[in-house]
Amino acid sequence: MTWNSPAEFFAMGGYAFYVWGSFGVTALALLIEPMLLKKRRSEVLRSLQRELSAKERSQ
Amino acid sequence: MNAFGVLSAVVRRDLLVALRRKSEVLTSLFFFVIVASLFPLGIGSEMDLLRKIAPGVLWVAALLAAMLSLNRLFANDHADGTLEQMALSPVPLGLLVSGKILAHWLVAGLPLVLIAPLLGLQYDLSPRALLVLVISLLLGTPLLSLIGAIGAALTLGVRGGGVLVSLLTLPLYIPALIFGAGAVEADISGLGAAGHLSLLAALLTLAVFFAPWATTAALKIALE
Amino acid sequence: MLTATDLACVRGDRRLFSGLGFTLEPGAWIYLTGENGSGKTSLLRILVGLSPAEAGEIRWQGSAIGRLGDEYRKAVTYLGHHNALKEELTARENLCTGAAMAGINLDAGRADALLGSVGLAGREELPARFLSQGQKRRVALARLLWSESPLWILDEPFVALDVAAVAWLAATLAGHLAAGGMAILTSHQEVLIEGSTMQTLRLAA
Amino acid sequence: MSVITWKYASPQYFYPLAGKMIPWFSLLAVIFGAAGLWLGFFVAPTDAQQGEGYRIIFIHVGASWMSMFLYLVMAFWAGIGLSFNTRLSSMMATALAPTGAMFAFLSLWTGALWGKPMWGTWWVWDARLTSELILFFLYLGFIALQAAIDEPRRADKAGAILALVGVVNVPIIYFSVKWWNTLHQGASVSLTQAPSMAKTMLLGMLMMALCFWMYSVAVALMRVRAIMLERERHSEWVANLREVQP
Amino acid sequence: MNAFGVLSAVVRRDLLVALRRKSEVLTSLFFFVIVASLFPLGIGSEMDLLRKIAPGVLWVAALLAAMLSLNRLFANDHADGTLEQMALSPVPLGLLVSGKILAHWLVAGLPLVLIAPLLGLQYDLSPRALLVLVISLLLGTPLLSLIGAIGAALTLGVRGGGVLVSLLTLPLYIPALIFGAGAVEADISGLGAAGHLSLLAALLTLAVFFAPWATTAALKIALE
Amino acid sequence: MLTATDLACVRGDRRLFSGLGFTLEPGAWIYLTGENGSGKTSLLRILVGLSPAEAGEIRWQGSAIGRLGDEYRKAVTYLGHHNALKEELTARENLCTGAAMAGINLDAGRADALLGSVGLAGREELPARFLSQGQKRRVALARLLWSESPLWILDEPFVALDVAAVAWLAATLAGHLAAGGMAILTSHQEVLIEGSTMQTLRLAA
């Protein structure tokens, strides 16, 4: 183990800003993208459902 | 509808059109980014040299980006007959024109101001110099839109106006370029940017009063 | 009342017309005909004040239109060969922004109703570039429905319209004239507007 | 006739298949990611010269690789779509672009954050960096072009031509920038590593790269499913899907 | 009419249109001149600095000038229906397109090559360097026209295409820029320009075969 | 002989037509009508091969048009809503370069003669932007006079034409059909072509 305490871990030997800046933004991007896709999917599904039920009602 | 209502309706309309063309808002910005990034490719990668030319290059890039988007300021409205309808509207044409210029700045000028610090980093500018760069652009880009509108109106309906407009506006842009790039340079070389910036502000004030009037006159001529 | 006296128009080295004059009273309309290139479009642009006449003058309610300015522009609605539509905006947005630029507030509900009456129900949200030639013309004509101007000047309004739309436009014009409005139209087809006074003005080539 | 049936049937059969594949790829991404992070933060020792700052490598390299790899895959699918007129392959290309652009951005971002402590500047005009930046622009061009065309079929074809032209251009850019640069100065900085740590480091890098790869597959499948629904909204098979029933 | 007859008819037609629009030929040139002259204004007038950035600035200016004129390559023909007629003509579209690209180079590229030495003098370049500059532009500007045609065709009929075209073509222009500016720079620093120039020629050959094909494909898509 | 079978066209989420088919024999013409937006323009663009059909196929002399390529393009002359004129070029130059791009050599004398027969004598050297709407359409229609194609496909050719020009076009069409040509036209006005077989094709909205 290279780290003696959590504080040391988070300090990253003085490079905290750079290391966490990189990992943080990457993590954020990798989390946000699937979330946006989920939203996109549910929006499509909702509009499809609306269309279908409108069609059923008109029949 | 009062004057303000009409103004905001025009601004909203133009922003809506720009957003619909999706790419439009972003591409003016990208042009700025790409031009600013091309120079190091042409010139080489010595940091010292790059830092020296940074204010000039960034300002020229902003100027070109603003200029390129001038074509779409009136040309589309002219081609599809909207401009005719504007000229025939009981609302003063100057008001409608001011709205269009404001919308142009929001779409083509403001984004440049916001992205400029990032491009400045590419050229290794100091935080202070970056701040001056942003302020100079904040004063300068509306000036570019206002002056450019005159050029765009003058070349309207003139075939090949797309390139002619640059010929007309570039000379008018030169004072903005000199004071804008000068401000950043003065800051870098420790001379203080205040003088340049206040001259830029003075030019802007002048243009706000003068340019919409000149633009309106030019448009009326183009429609004859 | 619109009076034109002794109008002349020159394009290049060609004199399109001269000594042209007419008086248009409320409730009446002028049917402007003539061969291709006889100067109909040029005359209409002069009448609305977009281009200057070579000679002669135009008076609206007795005053020269150059001096009236905004007041005359408020009184006139003009539709040229072009439709003044933004291809990116939907039919509804085109209608609303068109009205706003003439200083008139048109909400979305009202706009939809107007689009419905020009036969574009269900196409309110289609960007104008997808509309067919005739559908574009219909959107352009919808401005007649919110216009409050007494004088309509229309350059070939029937072009690209199908039979139903032609009938609708004739009825709309009849209503406008019956309410004391005035109109000037050009067309290469025959136009029949019921219950109105028509003056024919023929430009010779 | 059989060609036509096959062509038109594929999205219909691919849609549920993709749905089944997504969880597996996501799981793999999480596993590789966890392993990579553990190796990167807790097994790999501190670098002799760069201290802890070098740990950026674990994402930087993977993101850079993926950005280049995804462009090739995207161009491949686009080309297939253009030459055989298969809708599914074009949709695949469209689905890959945003993810590729994101990795190009991450490569630039992490590289910049690494460059500041190591080279003292956020950015230098070096061959690798420049070609990565241009790759990012190529992605953006592809996305912007497709977004600007509303007819999907046209957007597919136009995008495909751009992607193919870009694929010819990417190696040209890479070498031109490299030669241009060597005329001025040598390689700016090279990472020096103690040989003892090379192994765990390499392993960690590989794990993270695999994680990004699996992630890209999962996300591209998710996006392609959404695109299928949007584009084929009026086809029978979409109307018959269970999740669409009101 | 044989293939050559058709080709020359297309070239003549486009040159005629350009000449009729009077301003058009000159403005592309003036744009080049003005951009190249703006830099000393933005950057200051140290001769040493200017000489160093000269190849890059001149090449970037040429590139921007060539790019700006791309809009008019197909857009007008598209708007007025001529392009439709070309696509429906029994003459292969690739031939007509090649003619248009050639005409574009004659109008927007060749004049830049001819004026470049004059601008180079502003930056105090040696006669040898000027010669290399001219040769590099002579090889480079047709390349710009060829690559640009692809971008222009792809953005055709796409709303806001005017600015989008720069986003698409600028990345593709970069090798031309690097080898072109690189040739002049290499000559100035005594390294010999031959290598860069032959690479540029190789790229040109590649583009001559590949670009008209891609452009034709893109045009067919745009017309669908 | 042109045969279309089972054509379908979809725009956005709207099915404009489907199952459309016809056979056009030499000497006959099709009068295509339908309301605004019913898909006439879209059908014509599919027939000339500019845009692909959603389903169905089109055969010329028995072979699919996609496979014929240049040969089919040589057989067809198409005129759309646009005139395909360069505003900067004179009427004569427009005619000559238009022909050159179709691989046909037209000298100035011949072009002037053709312009004379569409009623534009004396306007040969006027740049197209000065021509009136109807005069532009006449120049565009002059391409029918040098065309050697058996199949003419014309989208609203009568628009903007005055009475004399309409008569001229009808006579030209009659001559073309009498010589064994074929034509497909759209129009919102009634069209009378003497001594020819007409098929009416009505697109329902």
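First chain written, first letter: the chains are A, B, C, D, E and F, and each begins at residue 1.
Keep this in mind: a residue touches a chain if its C-beta (ideal position, glycine included) is under 8 Å from a C-beta of that chain, and two chains touch if they have at least 3 such contacts.
A quick note: this is a predicted structure, and the numbers were derived from the prediction, not measured.
Counting only chains that touch, the fewest steps needed to get from chain C to chain F is 1. Of all chains, A has its CA centroid at the greatest distance from the CA centroid of chain F.
By C-beta contact pairs, the most connected chain pair is B-E. Look at where the CA atoms of chain B average out and do the same for chain F: the two points lie 45 Å apart.
Computed from the mean C-alpha positions, the centre of chain A lies at a distance of 36 Å from the centre of chain B.
Taken residue by residue, chain E touches two or more other chains at 20-21, 158-160, 164, 167, 170-171, 174, 178, 185, 224, whereas all remaining positions touch fewer.
For chain F, the set of residues touching two or more other chains reads 81, 87-88. The touching residues of chain B, counted against chain C in their complex, run 1, 5-6, 9-10, 12-13, 16-17, 20-21, 76, 79-82, 84-92, 96, 223-224. Listed in rising order, the residues of chain F touching chain E in the complex are 48-52, 70-71, 73-74, 76, 78, 80-89, 93, 97-98, 100-105, 127. Within the complex formed with chain E, the residues of chain B that make contact are 18, 20-24, 27-28, 30-31, 34-35, 38-39, 41-44, 49, 52-53, 55-57, 59-60, 63-64, 68-69, 71-72, 158-164, 166-167, 170-171, 174, 177-178, 181, 185. Against chain D, in their complex, chain B makes its touches with residues 21-23, 26-27, 30, 34, 37, 40-41, 44-47, 50, 121-122, 124.
If you check the complex, the residues on chain C that touch chain F are 11-12, 34-41, 81, 119, 123, 126, 130-135, 137-138, 156, 159-166, 188-189.
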